[in-house]
Every structure is written in structure tokens, then in C-alpha cells.
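Shared chain: chain A. Partners: chain B in the first complex, chain C in the second.
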Partner chain A sequence: MSTRTRTNRFLLQALAVTLAVLALAPFLWLLVMSFKTNAEIFRFPPRLFFEATLDNYAHLWTSEFRRSFSNSLIVATATTFLSLLVGVPAAYALSRWTAPGGNAITLWILASRMAPPIAFTIPYFLVYRHLELLDTLAGLVVIYLTFNLSLVIWMMRPFYDQLPRSLEEAAWIDGATMWQGFYRIILPLSGPGLAATAILCFLFAWNDFFFALILTRTEAMTAPVAVVNFMNYEGWEWGRIAAGGTMIMLPVLVFSFIVRKYLVHGLTGGALKG
Partner chain B sequence: MTSIHRRSILRGTGALAAVGLSAPSVLAQAGKPHAGTTINAACFQTTYFDYLRAYFPEFEEKTGIKVNFTMQAFPVYNQRTDLELSTRGSALDVINVTFIYSGRWIGAGWLTNLDTFTKDAKLTPAAWAPEDFLGGPQSAMRNAKGETFGYAWLAGAMIQSAARYDLIEKAGLSMPKTFDELLKVCDAIHGKEGVAAFTADRLHHWNWIPYLMGMGGGVFKAPPENLTPTLTTPEAAKAADFYANLLVKYGPDGILSYSDDQAMRSQMAGRANIRTQDAVWMVPLFKHAESTVQKTVRYGLMPAGPSGNYPGSNSHALGIPAGSKKKEAAWEFIKWAVSKEIITRVVREHAYPGIARLSVIQSPEFKQVLTLNGQDVAALYLEVLQLGGKTGYMKYRTVPVFPQVGDKINKAIERIATKQQGAADAMKQAQAEAIQDLQKAGIKIDT
Partner chain C sequence: MRRQHRFFVWCVAPSLAVLALITLLPSLYLLVTSFTQLNLTRPETQWDFSQPFESYRQILADSRLHHSLWVQAKLSFWTVLLQVLIGLLLALLLNMRSGLIEALRTVFLIPMVLPPIVVAIIWKVIYTPDISPMHGIFRAIGWNVPALITDPNWALTAIIIADTWEWFPFTMLMVLAALQMMPQEILDAAKVDGATPLQLTFYITLPFLQGVLLVAGLFRLIDSIKAFPLIFILTDGGPGNVTEVTNYYSYLQAFNFSFLGFSSAITIALLAASVALSWLIVRVVGWGVRVD
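After this line comes the complex of A and B, so read on.
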């Protein structure tokens, strides 16, 4: 390798590291802030070395935030599971649909995402009040499910379009039922797509603020809304807000880390069809 | 033996049933007509109700009413309550009537007229004294007919604080009393010992208005009757320019993005000196354990402009949604939560600085709470609240459309401070945008 090539590579790597640091700086700042007292947070100029405290995290553990965090986990996990359970077979069916109207149905499935969430606020609120679903975890799961289904179907259908029909046809010839062909042959091949779709579903439900704000009160309040509650009228609890923010990022980071090898493949899979 | 047991059981069951059936009437006779009722109450996160919660068992013991009280962040609370009220829900029995929403909620008929309770001697004893609530804070809780829809638990009064008054003294000056003096003081002290002369939060539609009025301007022509915006007057442009200059020339770095809390922290950390804001945000400079300016902070009235002194005042009150199905029980709670006894207790035990009952404000307990560095801040506080009540200059703020117009003001001040527009142009744009919003809301304006 020539000196020039090595220099170029070094410069590119340095640029990549710089960009990564810039992109991650706000998160790093948030993380560091979560270990500071309020007085330390507002010290100017900020100190690089300070006496770290776990008080902010300890308070989260003993406050309502703990329940909200559990609510978020339950709602996001249940939504992801149900969205995949319903959406993946639907995407497969639409992919293999040969009768006319398949594309129109796929398009109409997107209708739930054709308007901004605020447009649905009052109808949802009134219906939920009537059905006594306000401030319930089930209510949130249903809402997120309606929005996630279109995502699952639209993300998974191109994967199935890519897979040759001959695979499942071979399985049928060998005696497999249609369901077995899907479950044993097709589904394992769509692993990367499932991982990418699952993480996006999880993220949508996990990060949602708007519906959780409108449709919950105290019992089903999720973590993003609970964090805002550290903003008191007479002063904000900055350390706790930072600790709450860090805690909210944690499961997503862990989940992304677990499925990272599928993620890039999953997000680009189906992009090229030839 | 068996039959004796059975009889005993039957007798016991009968006795229990009799007690159970007669319990409400017995409790009613004992002065607990609402015993067994559960009311749902909500407010934004605030220390007053943090303190009050500790006393709830006493209320529940006294009335037999169980209180399910929830608190949320200010914007969260307002959003949820607005939706609940607008759909005539019955989920809440007692709510906080937020100052900036009071006009909207009262005007739309979403709240219960509390006069029906205060005028009924059976429901409200004379000693409860509704007239004891100061006129200024209460004015936002009344409609045009003078009917009352909320009783204030918080009264905010804008005063002036100088976190590092020692720097002002060193410059041979004193607390500024006029806008000109404010500029002179800021010029003299800015940057001394690394301290910015002025600080403020980004809620310009609250902070800037006293400067606008002090220079002879106003937000609307004659609120609440005539809501034609008056943001294109020379006074408005001058006031906007003056205020934006205060922020940019004398403020700390990043001032344009400061929240209430960040502005307070900039003073507490000794990074910024003067601020004009609600007393609730000023008292911690002296009382908060993390304040580094406890010994140097001093207080004064909001500086006056050529046209007078118009410090902001506001209030938050307890009210009953029109859709509530437990209004009398809800009134019992309100009566208790803002009674003289409870307010005095919160002041005495927690040094709470923002109340609306005159008798408590004039009490030795309150004076003691607001005697800060030897200064009688209670007197300043009362003066501001009375000023607001006398002339009604705060009426602009409780009209239903103020939140939209206020948003335009915020953006205009930001554009001026960041030099994107001159003051006159920015206010002209704000006026045009405000008129659009008002017309969309169906409000008649002068052409």
C-alpha cells in the first residue's frame, strides 16, 4: 500500500471518528449530566472531572418513573410482537396474491399513516373514553398496533417478493402445508427483515410521546411522558431528566446491539430487485 | 350448639347490614354528607400540592371524601385538561384553572360557576371569606358578568432581583427604578467578575409585556372587548428593540434558549445579575441550598417606563369542570385546600411564597417568609398584586386567543434579538400573523 493511500485512509478514518464523536456528543453529554448534581450541571465552566452521583438514578427507582418504564417495556414489547404476528403473514399473503386488487389493498393499508397523529386525537380520545380504554396498557398497544401494521406489511412484503416461489412450492411437493411452507421455509429466510422491522416497531412504540400523552393519565403512563414530569412549575430536575433520558435510550441500544448484524442487511434488503 | 351459632351469625349479619345501610345517613348526620365519595383532582407539578398532599389524610378524615390527586408537568397537564374539558368529560372533579387558559375555559362554559357554592350558607360558611382573595389574582377567574370560576392557590407577582447587588453597589449605583436606570446599571456592571448584567427566559410574551406597557404600548386595543392587536405601534417597536437589546447586549451566552429554570440557575450560579420575573422564581436565589448568591441578592419593584409601571401578575386557581358529577364534594375539597388555615399552614411550615389570600399575605408568618436579606419582599409582592387588580392591565393575558398571539410575540422578539429583522418589521409580521389567527378563531377585529 502506497504512502498516499495510507494517508488517505487515515484521513478518512479520522473524518469518520470526528463525525461519530459529533453525532454522539449530545448523548454523551446527557449521560455525563445524569451523574451530576444540579449544582454541578450548572457549574460554569463545566468541569471535566467531578464527583459522580447515582442519586438521580436512585430517585428514578423510587419514583413513579419505575412503573412508567415498565409500562413502556410492556407496551413496546407487546406491540412489536403483535405487529409481527399479524403483519408478517399479511405481508406474505399480499406478496403471493395473484388476483387483482393486491396492490390497492397494500396501498390502503398505508392509510393509517397518511395523516398526522394529531388528526386522530379527538376521535381516539372520545372512542377510548367510551370504551374505557383511557389510561390502559391495552389501549396503547391497540393504537401502536394500528400504526405499526402498515410499517410491518410495507417493510416485509419486498422481502417476500424477492424470495422465489419455487422454494415454498418445493416444500409443498414434499408434503408441507401452506402454513408449514411459510413457517419452516420462508420465515427463517426473512430473518434480517424481521429484525429490522421489529426494531422499528419497537422504536415507534417506545419513543411515542403524543398518544401516551393524550390517552394515558397515571396508570399507563409511559417513560417518555414520565420524564417530562420532572419539569416542575418552580424548577426543572435536570439530573433526573438526564437519568430518565439515559434509561429510555438503554433498552433501544441493547436491542439494537443484539440484532445489529441483521439490521443493515434488513434495512437494505429488498431495495434492489433484479 | 349449631343453632346458637347460626343465630349469632344471623344476628351479627343483620346488625352489620343495619349499620351498613344506615352508614351514609349516620355519617351525613355527623357532618360528612359526602362520605365514601372519591374525587379526582389534577394540577401541574408544583410544590404547593406536594406540601398539601401531606395534609390530605386530615381532609379525608374530616369529610370522608377520598382524594385521588395527580400532578403532571405544566404542558402535559394543560394539554390533557384542555382535551378533557373540551369533550365535557367527567373524569376530573377538581382541576387547576391555568392562568393562560382561564379565559378560554371560562368563556367556553367548561367550568362551574362557584358563586352557587359561596352564596349558599349551607355550603360555605361566611368565615371562609371569598372576598379575602385578592382582586388581581381573582380577576382572571371571573367572566364578564363577574361570576367566579376558580379560587387562586397561587398568585404570581413580577418583581426585580439582582443576584449580585454588590456589583451594582461597587459601581456606585442602586436598584434600577426606571428603564433608563436599568440600561445605565447594565452598562456599568456587565461583564464585571464574569457576570452578565441581565438574564431572562425565552417566554418573551410574559417578560416583555411590562416593557411594552411601560413604553405606552399594549398587546390588544382594549381587551377583552376589542382584541385588535396593537403590535405595529411605534411604542411596540421601541419596546421590542429595547428588550431585545437587553437580552443580546447584557445577557449570558445562550440566553435566547433559556427556560425559566435555566434563567434562575444562571442567577443562582452567579453568572447573571438582574432579572425581572415572578417572585416564585426569585425567592430561591435567597432560599435555595444550591444558590451561591444568598448573601448578595436584593429585590426591587419592576422598573417603570415613561408611561408607568406594569409588572406582570398571574394566578392559578382551583375550579370544577362543568362535566363533573361530584361538584359538591369537589367544592368541599377546594374550600379546604385554599382555606385561610391551610394556606397559613403551608406558609408557616414550608415558607411558600406565592399566595392569594390578603389576610395571610398581611400575616406575620408571610412577612417572615418573604423577609429576604432584611428586605420586606412581602410588601413588594402585595404592591404588584394590587397594581394588577386596580387597573386590570393583565386582562390581555386571559383572553382565549392569547396563547396564539403570545407565540407570535415570542417569535418576533427572537427575530429581533438574532438580527434577522428590525424591530418594526418583526412586529409588523407578528401583527399580520396574529390577525390571521384571530380571524381564524372568528374574532372580530378593527380594520
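After this line comes the complex of A and C, so read on.
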């Protein structure tokens, strides 16, 4: 490698690092803010070494936010489980067998994923009022299926496409039923795909703000909506807002890191492989 | 063979039934509601179909709605353009083999994977002069910069900046994925023929990326129609209604003013737009036809 290309390479890497720091600065600022006292938050220029405090987190832990946080966990877990339970067999079948009307189904599923959330919110809101599902965890779990079920089908199908048919055919010859062939042979082999899909389902439900904003009030309020309420009712408690935001994003960052290979796939509703 | 067929039908049926119940039925209900003048404060309006097209007539007459379409067009145009451009440039920059760069690729993904509400909070902090590091710096160097989100001239720009920050990683990631599939032989052949890096980019890489840029742009375009948390947290559609996009206006009509009938009609139009764009994606990607 000539000196010139090496210098170029170094400059490009330096540029990339600079841009990364710039791009991340807003995010890091919020993270640091969550450990500051109110006085420290309003200080400019900020001190690099300030006395970090966990007060903001402690306050969250003793407030209603704790329940919202567990609501988020419950709803996201339940909807993930249900989507997988219903969607995985469908993904398997669609991989092995050409369903009639395939193209229309494709468009339907992509469109239901791309539709503006308000298109579902209005009818759900009206129906939930009658079914008394407003402000319930069950109501949220159902509406989250609208995006997660299609996600499961289109995430999992390519995984099954990659598994040779001879696997389950051998099992059938040995006398296994079709169900056993799927359950005992195919399902365990698709473990990594299942894990990635489950994580993405969890994240999409966890990140939702709009549905929870409209369909919950107090009982079933999720963490993203609860954080926003720190802005409205209790004045502007920046430390707590930052701490709440950090608590919401930490699980997301950890999980996203695990599934980063599948992010494009998940975000485009399975239209593209990442 | 018949046993197989029956098994597969039983595998697919629950999913289709559930999807029909939770997506198709609500869409139809939305359509039905759009033919009423449903107002939550007047329950008798729920099944009143005496003037089925009144909401659609209002759509043509409502100047605030037309203004929101214009705001939407500006927001969509700038965010899609900037995201595609920045995503492309970053992907080209990050497309080299080195441990450091590969780590950076992951770092750049962070804005996109953050929960949208956290992104909104982050930018609320940055745009609030009292606590904003950005405004702190401006003050320190003697610039008098107004609070962007409360200034009618700057509010939409503020939203565009925040939205671009949130979603440039998406186009970056898609372009990077495409770059990895680029046939190396063509590049090598061009290099042997003495092409400069700039020529390589313009005559080989960019034409190769056309397709993925189009698809990434389309996905961002659809998503830009749905922009909500940023607007809700940063500006609430204001000041005045300079950041009130159509989706947000529809939300206000339904859940602030209780005009669900009118809002349903607007939403039907939005839904139609996103279905049309999805159809375009299916056409472009040729997706649904089995690839493997």
C-alpha cells in the first residue's frame, strides 16, 4: 500500500469517527443528563466531571412510572408470544406450499404494516369503547398484533426456505406425522431466526407511542406515554424525563445490537434482506 | 398429498383469520365511519348515513387540511432527500474493510433503533434554549438564535433536522447491504483500466445503487406520512399550524375535536396513499415472487 493511499485511508477513518461522535452527541447528552441534578442540567458550559446522582432513577422507581414500565414489558412479551404462536406455522406453510392468491396476500400484509397507525386507531378506539377494552393491556396486545403478526410471517418464511425439504420428509418416512415433522425437526432448526424475529416483535411493541397514547389512560399506560406525562402534569422535570427516556432505550439498544443483522429485514416488513 | 395440503391449510388459516379480523375488518369500519358525521359528543351521529359524502365534501373545502398537505409535501421532500443523500454518502464512506469502520457502522445505527419517543425527547432538550447545549454554544459565540421550535420560520426545519437524524441510518444500512453484493470483478476490471476512485463511484457504484436508493426512498416516503411523535412532542403542530402535517391534523380532528367521521375520511385518503406506495414497492422489488 503506498503512503498516499495509507494517508487517505487514515483521513477517511478520522472523518468517519468525527461524524460518528457528532451523530451520537445528542443521544449521549440525554444519557448524561439523566445522572444530573436540576442545577447541573441548567449549567452552561457543562462541567465534564460533575457529581453524578441516581436521584432521578430512584424517583422513577417509587413513582407510577414503575407500573408503566412493567405494563410495557407485559404487553410487548404477550404480543410477541402470540404473534409467534399464530404466525410461525403460517410462515412454514407458505414456504413449503404456494397458497392461492399469493400476490394479493403479499400486498395486504405489506400495506397493513405500512398503513398510518391512525387508520387502525380510529376503528379500534370506537370498538374498544363498547368492548370495554380501552385502557387495558389486552387491548394493546391485540392492536400490536396488526404489525407484529405480518412481521413474523415475512421474517420467518426465508428461514424456512433455506431448510431443505428432505429434513421433514425423512421424518415422515420414519412414521412421524406432518405436525411432528414440523414441531420436532424444523422448529428447533429455526432457532436463530425465531430469536431474531421475537426480539424485533418485542422492540416494535415496546417502541410504540401512538397506539398507547390513544388507547390507554392510566391503568394500562406504557412507559413511552408515562415519560411524556412528566412534561405535562408535573412541570418540566428534565432529570426525570431523561432518566425515563434512558430506561426505555436501554433494553432497546441491547436487543438491537443482538439483531443488527436483521434490522433492514424487519423494518421493511421483510421486503428486503439486510 | 391431500394430507399435506390439509396440514398447510391449517397452518395458514389461523394467521389469515386473525389478520382479517384485526386489519381488514377495522379498515372496513373506518370506511363506514367516513360516510357518517360521527362526533363523539353527539352519539346519535354514529350510524347516521343521511349525508354519506359530507366528510369528503369537507375535504375539498377545508383550507386547513390543504395547508397540511403542503406542510406534508415539504416535510416529505426534505426528509427523504436528506436521508437518501446522507445515508448514501455515509455508506460510501463506511464501505471499507477495517475493524474500526465496522464498529462505527453499528454506532451509526443508534438513532434509528432508539424508541421514537426518546428521539423526540432528545430533540426537545436540544431545542429548549434553557438547557440546550446547542443554544449554549450559540450564546457563547454571541449568536442570537431564536428557539427554533417556537419560531414559525424555523419550526418545520427543526422537525426536518430531527427526522433526518433519526432515519439516515436506515438508508445507510440499505445502501451498505447493497454495496456488499456488488460484483467485485467489475470494480477490479475498471481499476485495471485505470479508472479513478471518483470515476468508479460515478460510473459503476451509483448506477448499481439506483434500485436500492429508490426502494429506500419509497420506504422513507411512506414513513414520512406517518410522522407523529416528533411533531407531537416538539411543536404540537404549531406555532400556528406551520408543522401540522395531514396525519397530525387527522389526529387532532379525531381525538382533540372529536370529529371522528371527518377524520376517518382524511385517514382513508392517507391509507389509500400508503397502499399505493406499498404497491409500488412490491412492483419495484418484485417481492412476493419466491426468490430462493
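As a working rule, the second predicted complex is superposed on the first by the 206 of 274 C-alpha atoms of A that agree within 3 Å, B and C clash if a C-alpha of one lies under 4 Å from a C-alpha of the other, contacts with A are read in each partner's own complex, and residues count from 1 in each chain.
By definition in this document, a residue touches a chain if its C-beta (ideal position, glycine included) is under 8 Å from a C-beta of that chain, and two chains touch if they have at least 3 such contacts.
Since we're looking at a predicted model, the values are computed, not measured.
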Checklist entry - Is A:F257 touching the first partner chain B, the second partner chain C, both, or neither of them? => result second
Next on the checklist: Looking at A:A205, would you say it contacts chain B, chain C, both, or neither? Reply first, second, both or neither.
Outcome noted: neither
Item to check | Contact breadth on chain A, by residue count: chain C or chain B | outcome: C
Checklist entry - So, does A:M155 touch the first partner chain B, the second partner chain C, both, or neither? => result neither
Item to check | Touched partner set for A:F44, first chain B, second chain C, both or neither | outcome: both
Checklist entry - Should A:L19 be classified as contacting the first partner (chain B), the second (chain C), both, or neither? => result second
Next on the checklist: Which partner chains sit in contact with A:I214 here, chain B, chain C, both or neither? Use first/second/both/neither.
Outcome noted: both
Next on the checklist: Output check: A:L110 vs chain B and chain C. Expected answer is one of first, second, both, neither. What do you get?
Outcome noted: second
Checklist entry - Looking at the overlay, does A:N229 come into contact with chain B only (first), chain C only (second), both, or neither? => result first
Checklist entry - In the superposed arrangement, which partner chain does A:V127 touch: chain B (first), chain C (second), both, or neither? => result second
Checklist entry - Which chain A residues lie in the overlap of the chain B contact set and the chain C contact set? => result 42, 44, 121-122, 125-126, 213-214, 228, 231, 238
Next on the checklist: Which residues of chain B touch chain A once you look at their complex with the stated criterion?
Outcome noted: 44-47, 70-76, 79-80, 83, 87, 89, 91, 259-261, 264-266, 268-269, 271, 280-281, 284, 290
Checklist entry - Considering the complex alone, what residue numbers of chain A touch chain C? => result 9, 12-13, 15-17, 19-20, 23-27, 29-30, 33, 41-42, 44-46, 86-87, 89-90, 92-94, 96-97, 99, 102-103, 105-112, 114-127, 142-143, 145-146, 149-150, 153, 158, 161-162, 178-179, 182, 203, 206-207, 209-210, 213-214, 224, 227-228, 231, 238, 241-242, 245, 248-249, 252-253, 256-257, 260, 263-264, 267-268, 271-274
Item to check | Parts of chain C lying in touch with chain A, wherever the complex brings them together | outcome: 3-5, 7-12, 14-16, 18-19, 22-27, 29-30, 33, 46, 90, 93-94, 96, 98, 100-101, 104, 106-118, 121-126, 130-131, 133, 136, 139-140, 165, 170, 173-174, 177, 215, 219, 222, 225-226, 228-229, 232-233, 247, 250-251, 254-255, 260, 263-264, 267-268, 270-271, 274-275, 277-279, 281-282, 285, 287-288, 290, 292
Checklist entry - Where on chain A does chain B make contact in their complex? => result 37-39, 42-44, 121-122, 125-126, 129, 134, 213-214, 217-218, 225, 228-236, 238
